[in-house]
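Input: structures, listed below.
Two complexes, one shared chain (chain A), two partners (chain B, chain C).
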Partner chain A sequence: MLKIRNLHVAVDGKEILRGITLDVNAGEVHAIMGPNGSGKSTLAYLLAGREGYAATEGEILYDGRDLLALEPEERAREGVFLGFQYPVEIPGVGSMNFLKSAVNAVRKHRGQPELDAMDFLKLARQTMKLLEIDEALLSRPLNVGFSGGEKKRNEVFQMAMLEPRLAILDETDSGLDVDALKVVAKGINALRGETRAIVLITHYQRLLNYVVPDQVHVLADGRFVKSGGKELALEIEDQGYAALGLRDNSAAA
Partner chain B sequence: MAAKTDTSEAYVHRFAEAKATLAGHGLPWLAGLRERAIERFAALGFPTRRIEEWKFTDLRALTRTTFSPAPRLANGVTGDAVGRFLPADLPSHLLVFVNGHHRADLSDVGELPAGVRLCGLAEALAEAPELLEEQLCRDGALDGHAPLALNTAFMTDGAVLMLARGVALERPVHLLFLATGDEAPAVAHPRNIIVAEAASRATVIETYAAPAAGAYWTNAVTDIVMEADASVRHVKVQAESHDAFHLAVTRVRLAKGSAYNSFVASVGGRLARNEITAVLGEGVECRLGGVYLARGRQHLDTTTLIDHARPASFSNEHYRGVLDDSAHGVFQGKIIIRPDAQKTDAHQLNKNLLLSRTAHVDTKPELEIHADDVKCSHGAATGALDAEALFYLRSRGLDTDLAQRLLIEAFVGEIIDEVETTALRAHLRRVAAAWLTQVNK
Partner chain C sequence: MVAIAESVTSLTEGEYKYGFVSNVESDIAACGLSEDTVRFISAKKDEPEWLLAWRLKALRAWTTMKEPSWARVDYSPIDYQDVYYYAAPKSGDRPKSLDEIDPELLRTYEKLGIPLKEQEVLAGVAVDAVFDSVSVATTFKDKLAELGVIFCSFSEAVREHPELVRRYLGSVVPYTDNFFATLNSAVFSDGSFVYVPKGLRCPMELSTYFRINAENTGQFERTLIIADEGSYVSYLEGCTAPMRDENQLHAAVVELITHDDAQIKYSTVQNWYPGDKNGKGGIYNFVTKRGICRGRNSKISWTQVETGSAITWKYPSCILKGDYSVGEFYSVAVTNNYQQADTGTKMIHIGKHTRSTIVSKGISAGHAQNTYRGLVRMTPSAEGARNHTQCDALLLGDRCGAHTVPYIEVKNNTARVEHEATTSKISDDQLFYCRQRGLSAEDSVNLIVNGFCKQVLQNLPMEFAVEAQKLVGISLEGSVG
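Our next item is the complex of A and B:
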């Protein structure tokens, strides 16, 4: 589904990713771990199409198509979803109104009939129940005044509603207490399936106790330095990044 | 009098021809007032950008043309055309004017409670002129303001609303001014007079619109006198034709304990200026808000003066502008706090969203503080749409147009939400949405 080949990415003229190669197949869950400043979020933003993130070398194929040639909204409609590390607060834009527009934009693209207000609400309520989200939260403007945990839960809620084929979740576990983490994991696991792939970007191993990955990759200084099965995550948990000879450079993001 | 390069002399000549036929021409006090007004106008001429208050608004496109008095039409506008401009689900006492002339056949005043007078100015001048003399001849009635003087010389009609002591008007009063913009460029000088006696309450909606395209000029003046503890909510929608000029002055006098709340949505006109002057008595509350949405080569000017003349009053101003293409926005907000106005609490905020590189806005706060025990704040911010928010919305599948539209609607909607009545909020949101739909066509 996703093929990344020798990807180099520069931001503001500085090379952040320095030759990444990765294959993610349908049905798989991959975890990308790494210290702060290793380039994890840069990879996430590049996949979603954020302005200012340009590949200087290499390619990304999504279902055989050049992903980087697509606009952010085209990627979303083709089934790519980015769960933001820092979901953006947008005053004045109602959460539900926004999500209904998004769901219908995606459905329209897939040749599915658009949902009317009633059907949308029904679907949203089922999903909210699964994710233990208070309906009152979503009557507020998008992410405005949400706690950190509420924002992350809202990202997973949006993901569940949009039913992406490739979900990239950027530090969706950070700032969550154990209960919230379990709920978020439940949402992610509900999305798992033969036709879908999930990329979890995380600094810590604990989410991986609940969403067990097929492969784990360690990113450091813009390169994958180690790949393995789920045990690799536990190794990092036990011994830290330093044991792999990596420094945790929090100065860069 | 200095030689004028504009058409002001043409209006002076036209006044000489027309004065014998103007509304209330048999009233000596009014004839005298009109004479003084045209003299004042002749001395002032049209304002140029050399005058500080007009620095950002160039009237030459207006003053190159001599506008004829707008004709009184017996028909030509239908009830359907009127309906388009009324808020949904909000029955009102409706007065309709076409080209500045009251049209009883299109109006629907309905039943008024005892103590409320609502009628056309021409009618009031014919039937009860003694009620208007004090209002029209008030000190400072002419000031140094040329369009105001011209309005006073030529005013033919407008609305008169008088609320007796303690009367609360439940339904809003809607003053709807429609222009037909026929071949010859025409000007209407509506003059509205609102008097709210002690402890009375009312909501007034003022709408300026055109059922069809056309070039014309509306030169409106609205005077609002509020006695002690009166409360007036005032919503204005300026949706003139895109070839029209709209100059409007609203003057509000607030006596002790009164409350005035204004919201202006300005979306129409080739050049429009909404001017509000409020003189505040003791312990009053004055809230001014509004949005101006412009595109193409539109020029929309919001100029306010809040004069804290007496102690312990509160004023708050919050205007937002959205400017696309080569549109030009102007916000001038002057706050005067007089020596006597201790314990004043005054706030002003102006935010602008520029949607193109060639759109521009001039924003000028002006604070003149002569008292020491006051709270006063002002702020202005101008910027483009938030790139991060735009990306977030697009990353969920919304195309750029829709994402932009949601963000603009949010920017405008946040301030519309400050309007109290649900039906009025919905109406204002529709006005903004209509403008937005044109953006994305």
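Our next item is the complex of A and C:
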């Protein structure tokens, strides 16, 4: 589904990713770990099409198509979802209203009829129940004044409603209490399926207890330095990156 | 409003949809302004002597006045002798019933989305349609009359209710008030008149739809609304004009009067032709709107959504004379391309414990300039008076400007005035977040902008709020990407 070949990325003229190669097939879950500043979010932003993130070398194929040629909204409509590490606040825009517009934009692209307010609400309520999200939260402006955990939970809620084929979750597990972590894992597992792929960017092994990855990759200083099964995550948790012969990236720079 | 609704859905590429010209033969006054022009207009309308005398006094006052230059707007000098001050569709006398209206006029309003045939009219909204200088039709008039509500064209009010007109005309905006209001007093042609009797809550939205059609013609309408003791009325005006290369002048005056415990809610959706992308053409909207809360515990609430006009110069104001009276001003002003808006309000607190609220949302894009200018005056008698002002500006791009010019005068030390102001830009983060969820850049901006002005839009009557929201989006089309 996703093929990344020798990807180099520069931000503001500085090379951040330095030759990344990765294959993610439908049905798989991949975890990406790595020290602060190693380039994990950069990869996520590039995949989602954020302005200012340019590939200087290499290519990305999504279902065989050149992903980098698509506008961010086209990628989203084609099923690429990014759960943000820092979801942005949008004052005055109701969370539900926002999501309804998004869901309908995606449905329209897929040739499905748009949902009216009633149908949307029905669907949203089922998902809220699954993810134990309070409807009151979603009646507020998007992310405005949401706690860190609430913001993350809302990202997962949006993901569940948008049913992406490729979900990239950037530290969606950071800042969650134990119960919230389980709920978020439930949301991710519910999305898992034959036709979908999930990329989890995380610092912690604990999410991977609930969402068991097929592969774990370690990103350091803009390169994948090690890949393995889920036990690699345990190893990192136990011994830190230093044991892998890696220094903290900020120190390395 | 049906009008805006329909037009909005079929509009693409930020084109001005109402820009067509109707082929209606006009009866026009000779070009230029003189006593003869004023006499011509007055005679056309069969006006009583006192009104002609009032107009002539205004004309004389006007000749001694200077065009104001303090607003942050820039335009080449207007040649007031090169304007036609009166143009009316030439269909003889005002038709007695809708069946007698020139079909071309009916088609014009249909095209604008305002069916004037009563059976087709949006339930619950009565419309007065003003075409160039005259009112061509008023719907639901009889039904309203049964309740004692007078809703008719200004000319008709002069004929049928001269005592009311004489008593209130110029009582809020005197003919000497300011350059544009004085000009209007001399040459005003038509407009709407509303009187709501004691104790009545008017069950319908009243609305006036203004349309400029004729070329080189100024539109000078006059609206007068009186809410008698304990009554309530909600009134809405909408405006459009053809696309023309020359600028056209619109200098209206609106006067509102509330007696004890009465309330007027006045909403405007102003969508005059804004000019083209390069700033050519468009309406000069120089308008004086003022209300007086004469009575105790009365209330005047202005809500405006200003998206059109090349230049907007407009300060809907409240004189809070009655004790415990309340004034409100909710405004969204959108400027794109080369549009300029200098708009705001004046809240004059005279009565005890009077309260006022100002919420202004200015949005600028392109090369536009958007200024909020507001005065809050607490006079010595305004014991315990309160004002809260919130003034937010949103910038799209970096070639436009937003300015806030608040004037605050407090002459009573028990009065309290609060002022908050913010300026923000739509951040790349916000835009990217929306697009990542599948929304186009344009829809994303719309969503964020509508979030920004929600507090104001939600004050519009329900039927109009959604349409106004779309209108705001359309006005900004082409401002991103």
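Going forward, the second predicted complex is superposed on the first by the 248 of 253 C-alpha atoms of A that agree within 3 Å, B and C clash if a C-alpha of one lies under 4 Å from a C-alpha of the other, contacts with A are read in each partner's own complex, and residues count from 1 in each chain.
Please note the rule applied: contacts are C-beta pairs under 8 Å (C-beta built on N, C-alpha and C of every residue); 3 or more make two chains touch, one makes a residue touch a chain.
A quick note: this is a predicted structure, and the numbers were derived from the prediction, not measured.
Of the two partner chains, both chain B and chain C are touched by A:48. Shared-chain residue A:158: touches chain B and chain C both.
Looking at the shared chain after the overlay, A:34 reaches neither chain B nor chain C. Of the two partner chains, both chain B and chain C are touched by A:87.
Within the superposed three-chain model, A:73 lies in touch with chain B and with chain C [touch as defined at top].
When both complexes are aligned on chain A by C-alpha atoms, chain A residues 48-51, 71-73, 75-77, 81-82, 84, 87-88, 90-93, 98-99, 101-102, 105-106, 109, 141, 158, 162 touch chain B in the first and chain C in the second. Chain C contributes residues 427-430, 432-441, 443, 447-448, 450-455 to its touches with chain A in the complex.
Chain A meets chain B in the complex at residues 48-51, 71-73, 75-77, 81-82, 84, 87-88, 90-93, 98-99, 101-102, 105-106, 109, 141, 158, 162.
If you check the complex, the residues on chain A that touch chain C are 48-52, 71-73, 75-77, 81-82, 84, 87-88, 90-93, 98-99, 101-102, 105-106, 109, 141, 158, 162.
Looking at the complex, you find that chain B touches chain A at residues 386-389, 391-400, 402-403, 406-407, 409-411, 413-414.
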